[in-house]
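Have a look at the structure below, then the notes.
Chain nomenclature is as follows: A, B, C, D and E, assigned in order of appearance, with residue numbering initiated at 1 for each chain independently.
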Amino acid sequence: MNIETTTQADATNAVVEARNLDLVFPTNDGPVQALKDVNLTINKGDFVSFIGPSGCGKTTFLRVMAALEQPTGGEITVNGMTPDEARRERAYGYVFQASGLYPWRNIARNIKLPLEIMGYSKAEQEKRVNEVLELVELSGFGGKYPWQLSGGMQQRASIARALAFDADILLMDEPFGALDEIVRDHLNEQLLKLWARTNKTIGFVTHSIPEAVYLSTKIVVMSPRPGRITDVIESPLPKERPLDIRDSPEFIEIAHRVREGLRAGHSDD
Amino acid sequence: MNIETTTQADATNAVVEARNLDLVFPTNDGPVQALKDVNLTINKGDFVSFIGPSGCGKTTFLRVMAALEQPTGGEITVNGMTPDEARRERAYGYVFQASGLYPWRNIARNIKLPLEIMGYSKAEQEKRVNEVLELVELSGFGGKYPWQLSGGMQQRASIARALAFDADILLMDEPFGALDEIVRDHLNEQLLKLWARTNKTIGFVTHSIPEAVYLSTKIVVMSPRPGRITDVIESPLPKERPLDIRDSPEFIEIAHRVREGLRAGHSDD
Amino acid sequence: MKTLIAVLTVLSVIIAFWYAACLPMNIKGVLTEAERAGAEVTPAGAKERRDLGEFGLVLDNRFAIPATWAQDRPRLPAPHQVAQELWKTTGAMVLKGKMMSKRSLFYHGWVTLSATLLGFAIGTGLGILLAVGIVHSRVMDMSVMPWAIVSQTIPIIALAPMIIVVLYSVGVQGILPKAVISAYLSFFPVVVGMVKGLRSPDGMQLDLLRTYNASTNQGFWKLRLPASMPYLFASLKIGIAASLVGAIVGELPTGAVAGLGARLLGGSYYGQTVQIWSALFAAAILAACLVALLGLIERSVLKRMGMGA
Amino acid sequence: ADEVRLQLQWVTQAQFAGYYVALDKGFYGEEDLDVTILPGGPDIAPPQVLAGGGADVMLNWMPSALAAREKGLPVVNIAQPFKTSGLMLTCWKDTGITSPADFKGKTIGVWFYGNEYPFLSWMSKEGISTDGGEDGVTVLKQGFNVDPLLQRQADCISTMTYNEYGQVLDSGVSEDELVTFKYEDQGVATLEDGIYALEANLEDPAFQDKMVRFVRASMKGWKYAEANPSEAADIVLDNDASGAQTEAHQQRMMAEIAKLTAGSNGSLDPADFDRTVSTLLGGGSDPVITKIPEGAWTHSITDAALN
Amino acid sequence: MILVILAVLVWCGGWWLNSRLANGSYAATREVQLLVPVIFGLTLVLVWQLLVRGLMVPLVILPAPTDIASAFGANLPKLWEDFLQTFVKGALSGYVIGCSAAFLMAIVMDRSDFLRRGLLPVGNFVAALPIVGTAPILVMWFGFDWHSKAAVVVVMVFFPVLVNTVAGLRETSAMQRDLMQTYAASYWQSFFKLRLPAALPFIFNGLKISTTLALVGAIVAEFFGSPTVGMGFRISTSVGQLALDMVWAEIVVAALAGSMFYGAVALVEKSLTFWHPSQRR
């Protein structure tokens, strides 16, 4: 099945526009279709979550948006340009599935890395590093090296790194996977605040249904082999979201729909 | 604070008995106390979950049980022996936090690894591999190499590997971290069934409160630096647990208690 | 500490074995000498002994055992003979205030060392440049790498005289020809190690920079170079040992007037086995010192980079 | 002062005493020459150095020089301070060898680098094959020391009267344990240690003049060395940068060298040249030179120098 | 002069062609992967030829490729004999003995931490002994025939293989080892199922380095005494006769043999360590 998803939106506002996107990896035991006929529009200021079984192509789609992977079919524009042009304009902040900190730089200098590359002044660099370290609750750890931190702390550092510069589009690949629920809740709140304050557009991969529902304005449910979009759910929740919104009926309603979508994808196998 | 936890149980039935366990890692910037004064009894057939913030010593405690780490103080017995003797008797199935598959073996041969070592017959090996591949929904992937699978599939393969042989004690370190909720639910159910059928004793590390509550007969809440047990919650839930038990008041009650315990640990920092 | 004990144990076993090996190795020579000096030897006559087993000879002529450790021109000099020669040509020279005399190994060691260091610098520089080229240019990678391997299958000792003559003919003399040969031997390990190192960043680390739209230059200085440091040092250690060998080889076709190579060759012409062995050991000690020095530099560099785990 | 670079064909030793004496005693200076002596070794082919412009003159054995000529490097003998050959085979007496006919079935160490041709020529004269077996000799490429004999890996080895033979004796062997065959006595001697320059350079009168002065001073050095062997040996020793030479050995070498230079005033005897050529042409299947060389020597330098 | 200019042109042309090929759409095919280095080599040879002729370099300094080729063609039987003596008898036998000995030694060192600590520094020290010094000694000990050449090769290849194997056998991750612990696997089980496969990439590193060392070692050893056959023998005697075309013909044989040897080991490596990231691409 290949449902036509609801992606009609005011085109002027569209940040990402994917039309009939296909991506096939050639591997030595035959081609792997990672994305098939993907259509999606992301508007400015959207918080889009991608959810779906492992191997369904979430990471791949994020990578296509960031011009890290070339689609083999279809079209995609970012801010009206090709993803690669957008990349050149430094439109992206990307948080990878694993932390990917450079072991020879301490945490502060890891966070400075994009700032150095983009030519921020020394003073500005210092200021921003302190700000984002505060944000992810790692103040005081700037001088430590990655291997001196636990896995969860490393992941937070890599989030800080992506937040340090002013990218319009923030792409996050399971950023909170390795964190416990308490820290996760806290970071979810912080992320929402940041989003509200800066009006960034965010693409967010997660395996957690509550997390997806809590954070998103739009939830994209995907199904595997080949990776397709099975459902796109626009969230009616208000922008202001206290943690206990998770007990509201609307929330439970949406979560239910997401779960059903996921289940449908699974039964495809 | 160092609360004396409720670990009195009929000693005859005890599989794991830890008394005043201490573990200090000597590192070059000073010793790190990973476990401090840990007391815990695990009885035969228990399903014990460990939950706590990252870096609190969950992995370390599992490793001590499996004789992969030597405590620096206190005592621990497994089946009345030292952990090392128990290891020699092949009492453990261990699922590591990362999948740890051997890249030079395909999935089926990775699963065969413990069977080869323990001297199962070829026919038996084949049979068991097929069984467990089925169990984790990887039938048909036996011939693939680890790097050809997504992270979640690798994790499932490593679970299959630990289930393939008949270990009395199954120790699982965040086995479902990289999986989506549906698969996770499915595997949770399967794990419960397996546990009920085989009467294995299971030690299980997770960051998910619902998962811990859903699976366990006993939930151990830990707090960090130094790693201590702050609470041990015996679950009143019946052994037979349909998925929707998660909406029952008892369930929510226990989940609440766990969350409080976790929060208390965090405020310690 | 544990290492020290282990090394000492191994060393003492080796030395004991070495002394034992002197018996069969030197017995024939010793017996011939003894016979000339009028001693009673079984069986008599060097020709008769020629095809006999050495162990049998040792057993039949036990009186000759001490002499196997004290020959003038032994087939295998005993450890103390080598040590004495080393002392005579190093420490004793210093005590006599003739540290830089022609009979001092410090003098010869310095001659070799200077060519080694120059060659190492050239070879390392070249190797790093090549590696950078190979990593950044597909053409270089595909065309140069196989030929770099081929270049190492050419016996340097055959090329060395020609390299020297060719350099002579374009007016390059002195220390440089030796350094060129030493560079020829040291560039390869550096290229291989450095290419590996510069390619060691994984896909994610590279992708990260792509999302920042970092330039190739920034990618090199901020990611590839730091990531390659451990590999670089590993290959530098191999490279400096190769440099030393190169400098020694290079000394032979330049008239072997001075340097450890000259000592080796001189010892070889005149059958001075003790001199050969002491020059050999001097070379190995020098190499060990150089490698240890690099190890120290590595430790401090990596530590400063935060990788000194 | 005019610069002259002399390429020796071996490491610094009394074999080259004349040149070191001339340098040390200022004979070169008197001729207004600034001479640099470049020591050689087994890895140095002096003709190659000459061809590469690394030296102006070289010392060489004639077989090697003539081979270079045939390979297209026109070197010319301008003086011949060595009259007689010092090359010989040294054998263990207890192998039963008394004459060249007894070589059959024996193992013999030979120097190559062009030095093998007199040997091959000799063997073909004796009718002995050189590819091993019962009726032939097994040839080894000998390194430049006497170990193969002392270790009895070879029954005979090549030695120079002035050097390797002395080393054999130095290692404690007495002369009556050995049998020697001098190439000179076998009629297969070739000319050793001649002074050679490039033909093209010799066309330049200035170079010629320089060579005349060089040869004159060198011969003066040789004659001084012959007359004062002990002082000459000391001079050589002072010039040895490798520190490997010993006093006693150089003294004896100088004494032996004096015997070889004794008959020469520096000028090449054409008869010796012809004998060398015929020896080389008789070298069996794969000779080092294939035809009689033309213009391989000149008397013009010595004639001018010795008048 | 014209030839020199031509040489520059040929160089630029070859480079341009290779750039087109390497950056073209067929760059990943086997043919192009082979073609590019071949074109590079041919360009080098052509430039060499033109320069030698253009600058009129004498034969006794550097022969032109055509001279070398004709010497090669004219001396095939001799070259073949030399190849058998030096490569097959000397290098190959030494390589096999040296690598096996190193491998066994590495296992012993892997089993005993004490021996590893003690032997590695000593081994590194011995490995630093320059071959030009050890070769005469080994020729003195083992005679003039190929046995001494094999001995030199053994000494040369032993330590690279040893060091790499020892490093490789320790290369397993803590988790991989812990897994074996939980199975209570015996030493040999964990050796064959974990350490050995994990060590293969390292072992092959050592084996590959050793291929070039083996050939060079065998040739160099012949400089210090040999029978009247062998690549090193031929090179050293031909230098004496200024037959540089022959010298280079032997060098070509050495390069061919060495590269093929290296290539063969690399192929085996590829088939055994297909799983390693460096082989996956």
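As a convention for this text, a contact is a pair of C-beta atoms (placed from the backbone, for glycine too) under 8 Å apart; a residue touches a chain by one contact, two chains touch by 3 or more.
Being a predicted model, the structure only gives us computed values, none of them experimental.
Between subunit A and subunit E, the least number of touching-chain steps is 2. Taken together, subunit A and subunit D share the touching chains C. Here the chain at the heart of the structure, going by C-alpha means, is E. Set side by side, B-E and C-E show the greater C-beta contact count at C-E. Mean C-alpha positions place subunit D and subunit E at a centre distance of 38 Å. Rounded to a whole number, the gap between the C-alpha centres of subunit A and subunit C is 55 angstrom.
A separation of 85 Å divides the Cα centre of subunit B from that of subunit D.
Centre-to-centre separation between subunit B and subunit C, using Cα means, comes to 53 Å. Looking at subunit D, residues 42, 45, 48, 51-52, 143, 145, 147, 151 sit in touch with two or more other chains.
Counting partner chains per residue, subunit C has residues 75, 157, 161-162, 165-166, 169, 252, 265, 268 touching two or more of them.
According to the touch criterion at the top of this document, the contacting chain pairs are A-B, A-C, B-E, C-D, C-E, D-E.
On the side of subunit A, the complex with subunit C involves touching residues 63, 66-68, 87-90, 92-94, 96, 98, 100, 102-106, 113-114, 116-118, 145, 147, 171.
Residues of subunit A that touch subunit B in their complex: 27, 29, 51-55, 97, 148, 150-153, 177-184, 207-209, 259, 262-263, 265-266, 269. On subunit C, the positions that touch subunit E within their shared complex are 2-3, 6-11, 14, 25, 75-76, 138-139, 141-147, 149-150, 152-159, 161-162, 165-166, 169, 241, 244-245, 248-249, 252, 260-261, 264-265, 268, 273, 276-277, 279-281, 283-285, 287-288, 291.
Within the complex formed with subunit B, the residues of subunit E that make contact are 173, 175-176, 178-185, 189, 193-194, 197-198, 200, 273, 275-277, 280. On subunit D, the positions that touch subunit E within their shared complex are 42, 45, 47-48, 51-52, 64, 67-68, 71-73, 112-116, 130-131, 138-143, 145, 147-148, 151, 153, 288.
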